[in-house]
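The structure is given below, and queries will be raised subsequently.
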Amino acid sequence: MKKIVLLGVLALMLAAPVLAEEVESRDLTGRSDDGLLLFQSADGKFKFQLDGRINLVAALYSGSETPLANGMEVRRARLGLKPSWGDWSAQFDIDFNGVEAEIKDMWIGYGGFKDMMITLGNHKGQFSVEEVTSSRFITFIERGLPNAFAPDRRLGLSVAKWGKNWRAFAGVFGEEAVNADETGENEALNYNLRLNFLPILKDNAFIHLGGSFGHSQPNASDGGTVRFRARPETHVADNRFLNTGKIKNVQSWDQYGLELAASFGPVLVQGEYISTTVKRLEGKPDASFSGYYAFASWMVTGEKRPYSVEEGEPAGRIYAKKKGLGAFELAARISNLNLNDSEAGIMGGEGNNITLAANWYAYPNLKFAANYIMVNNDEYATGDGDYAGNDDYNVFQFGFYYSF
Amino acid sequence: MKKIVLLGVLALMLAAPVLAEEVESRDLTGRSDDGLLLFQSADGKFKFQLDGRINLVAALYSGSETPLANGMEVRRARLGLKPSWGDWSAQFDIDFNGVEAEIKDMWIGYGGFKDMMITLGNHKGQFSVEEVTSSRFITFIERGLPNAFAPDRRLGLSVAKWGKNWRAFAGVFGEEAVNADETGENEALNYNLRLNFLPILKDNAFIHLGGSFGHSQPNASDGGTVRFRARPETHVADNRFLNTGKIKNVQSWDQYGLELAASFGPVLVQGEYISTTVKRLEGKPDASFSGYYAFASWMVTGEKRPYSVEEGEPAGRIYAKKKGLGAFELAARISNLNLNDSEAGIMGGEGNNITLAANWYAYPNLKFAANYIMVNNDEYATGDGDYAGNDDYNVFQFGFYYSF
Amino acid sequence: MKKIVLLGVLALMLAAPVLAEEVESRDLTGRSDDGLLLFQSADGKFKFQLDGRINLVAALYSGSETPLANGMEVRRARLGLKPSWGDWSAQFDIDFNGVEAEIKDMWIGYGGFKDMMITLGNHKGQFSVEEVTSSRFITFIERGLPNAFAPDRRLGLSVAKWGKNWRAFAGVFGEEAVNADETGENEALNYNLRLNFLPILKDNAFIHLGGSFGHSQPNASDGGTVRFRARPETHVADNRFLNTGKIKNVQSWDQYGLELAASFGPVLVQGEYISTTVKRLEGKPDASFSGYYAFASWMVTGEKRPYSVEEGEPAGRIYAKKKGLGAFELAARISNLNLNDSEAGIMGGEGNNITLAANWYAYPNLKFAANYIMVNNDEYATGDGDYAGNDDYNVFQFGFYYSF
């Protein structure tokens, strides 16, 4: 930790004065960018973007042995503020979806070097392209099963650098902002690399290749444990059938991920494979888990797919070709999560989901989504013993998204 | 639930594309509307209104047998965002008045049909005109005793339609947004109707007649119970003398309400009667409770009373005739809540309050209120056994309201 | 409480109508004031300032016997709204730094009398100039050890009046806004006076003399106790070695504070002495504690030091002389907190800290801070028995501040 923090601070301190420029009081212009609120100065030095999101989800469950609660929830109630000034920017992002206000993005960033972003604070590591993709832009209502392996936002320091058709990301992270560590133990550190390359990147087509690596250690406050678990691509019912339980005697875990996304005109195909290996202490055997998903999506109304090299994500707002009608999308996904490792004696269950989806983008800031999910769990998918295994069921869910 | 959600989604999906219009990037004008912050585009397609409220209340109690804590509280610390874009609008409303941030309004609305509003998300059912009236506009510091029967905001779908001198509202609701249901049981559903008619609606006079009906079921997570209780029109001390306790073996409860409000020039009279009947299982007798209030208010400085047909409420900002002095109001209210049903064996107590009030509207966004309440409780008003009955006392409270 | 509230309300009610003026709808101009967002009308009657702050702190501990957790935290994630309209203003300030959203400033203020501010709601009492100084402007990452004596923000009423070279403050306060009092006992009241005088106040020099007095009573809900304790000028590790524990049989406590701050050009020296005497019941002996700090700071790049007579604080934004490079500051502080009173039999420990600091103000709204703290605790500094005494260690911490 020490070295990292020192190096980071040093880098920030060296970077800025060379590039800092005079920025003073100036008038702002307010703009509505397709329903989003933005204030900026004429020279672009000062920008302030409001990032508000209301995301409601209603879900109906059928065919499950374990009772699953139909209902509606506020999935996200996000208040985000995105100021930037000169070479510096920040993000202040709170989610009010539950009983508590939860810190999401909370960072200070330096963008004074060309095609580069240095970020300090609470932000996402970049493991898995679907995790990196903003919830405003993911194709399905929930991310796929392998998202169980992607770490949450944590306090850390990262650097992203990109070129015309590539992007590299390296970060070191400590704990989540919401965790007040009262153990007196130092925070565990986690390292994360991600590389993307685009052999094709044109106005209406791209091929995105990516790989990511993560090395993580358990927090002392967790007593040297780690747990991987997943909701079945629905969040209204809180049941997580696939669940390793808390794996003990954990030294660290290494993760590898492979990403592919390709788009030609209105078609997008995307897939990932993620593997996780847990190294254990005291002669306990290592444990390995994996997951994958693949989806295909078609903009029926013909819109091309956005891609952001800066963010390394095949995502962005969809602008309907025919504005009065909005844009329609059809998509299908298969996903797998295998938390069984019989050699290590950890049988967290394996699940296979098939999802059919229809999205309607009424406006670029207003989306309606319908998903039908067929869940196929194996006998070990018992929620660490809470449920019966082999519980196969269907989910019918609707998502409503408004950004402002 | 299933049918309702499906119908609602269908309605939304059918409604919008027909009416959606091209709305793109445009400049905004910032305005202060008597102290409120508003941004809008020249054509009115995009609007963004901040709805911030600070409401402080100080209360002094005298003559009570049960000790009641004098003191001051942050009654409301509301941060609301009200974006609208084209035919769509949303409300994002959080209250920070306590230890936790609490979701208030959190919905997406469609207003593309003439004189009609479809609302999906967390919002108020419309049972009782006083409950519907925004806390910015209620005449007294707290709503009357029968407000004990009015349900909180919940996740649901509603439609309101109005004409020149009438309004109709129908809604179906599930649980409150802050309730994470972890029982695996489906959410209970609640139905709500409200009708208003105005035989007179002129610039300086109106007569508002109204009736509402509600059918509610207990959530499975509540174990089939319901509880009605009320603070004595004060919120600083948390004691709720009138309290049925948790009524068990509840199948459902039906509620009826009658509303009358009439204004001629600076005078407003308003009253409601609410009746609640709880249907019970296992041969338990049904239980019936009721309450009413009536108040008269006089704008000493002569201002007329606002009325909103869209909202179905005799309420709005008060604009002083003589701006340097603000507007003064005097008001008096009687209210009754009867939670006793001797045949059903539930004796939650009966209370009668008399309130005298003086309000000063220094600006349309700044109000000072003083209330003097005489509380008269019967012998059963024991807070479900926590306090002595027959505790009669007086409350002197001050409210401070700033909207921005 | 009664008299105070009544007098306050009376004062507010008398004050305003005389001075209220016509203020209506008007256009706003958005401005970025060195990275801060401000909207105001041309005549200045309406203003709206966003006060957003991200403050991250990373800390490394070495040499301690008690394990102290290295790590990073979101020290402050502040969302503040500062509307003002005519003679009235308000502040709506929430901190999201922890698991819960916490009310900070939440008040309504009247500024219609010349050089005077009447404030009602949750705000800081003014005891100690360092406590009064905004966290945006304090010289060191954390306030000094004697800050243990300064009360938190509480609900109350205060009046501040200032002249060309003086300022007086008087306030009466109840409980903190976040405390829901459920004991049925009245809130305890606390009284607070502060006086400042400036024999010199010029463009590039000032001498600030100050004294403050506080009389406090324990809340009934605390059972007549009071506790003084301090973190060692670091907040990442939560250990508070200096800690009296809960002192029982407390009737009240009186506090005196002396302030000195002086600046000549780029140099600022500042110091305080605070004494606290706890009066106890049932023949228990009174207990006395004290603390002090003194610091010197030098703007290496030559900037003069701001002073605000209105706020009574030697603080404000630093505007670099040479904008491309920002401003650099070096500072050193000694501080002492003595929570031992052997006659009273309360040995909470004594600590002496020496801090070396370097600050870089890249922009007026962007600051980087590095502090090195040498902590010297006596044998009684055991955190009320939780730790070993005589634990001397060093802290190396970095602070990152972005205001918007």
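Note that the chains take the letters A, B and C in the order they are written out, and that residue 1 is the start of every chain.
Methods note: a contact is a pair of C-beta atoms (placed from the backbone, for glycine too) under 8 Å apart; a residue touches a chain by one contact, two chains touch by 3 or more.
Remember, predicted model here, so these are calculated numbers, not experimental data.
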Task: Magnitude of the superposing rotation for chain B and chain C (Cα, nearest 5°) - done: 120
- [ ] Give a one-word verdict, same or different, on whether chain A and chain C use largely identical residue numbers at their interface, taking over half shared as same.
- [x] different
Task: Rounded Å distance, chain A centre to chain C centre (Cα mean) - done: 38
Task: Touching two or more other chains - residue numbers and ranges from chain A - done: 29-30, 79, 100-101
Open item on the list: Applying the document's contact rule, which stretches of chain C touch chain A when the two form their complex?
Closed with: 29-35, 37, 50, 52, 54, 56, 58, 60, 66-74, 77, 79, 96-101, 237-239, 323-326, 360, 362-363, 365-366, 368, 370, 398, 400, 402, 404
- [ ] Please give the residue numbers of chain A that touch chain C in the complex, ascending.
- [x] 1-2, 5, 9, 12-13, 16-17, 20-30, 39, 41, 45-46, 48, 79, 81, 83, 85-86, 88, 90, 92, 94, 100-101, 103, 106-108, 120-122, 155-156, 174-175, 177-178, 180-187
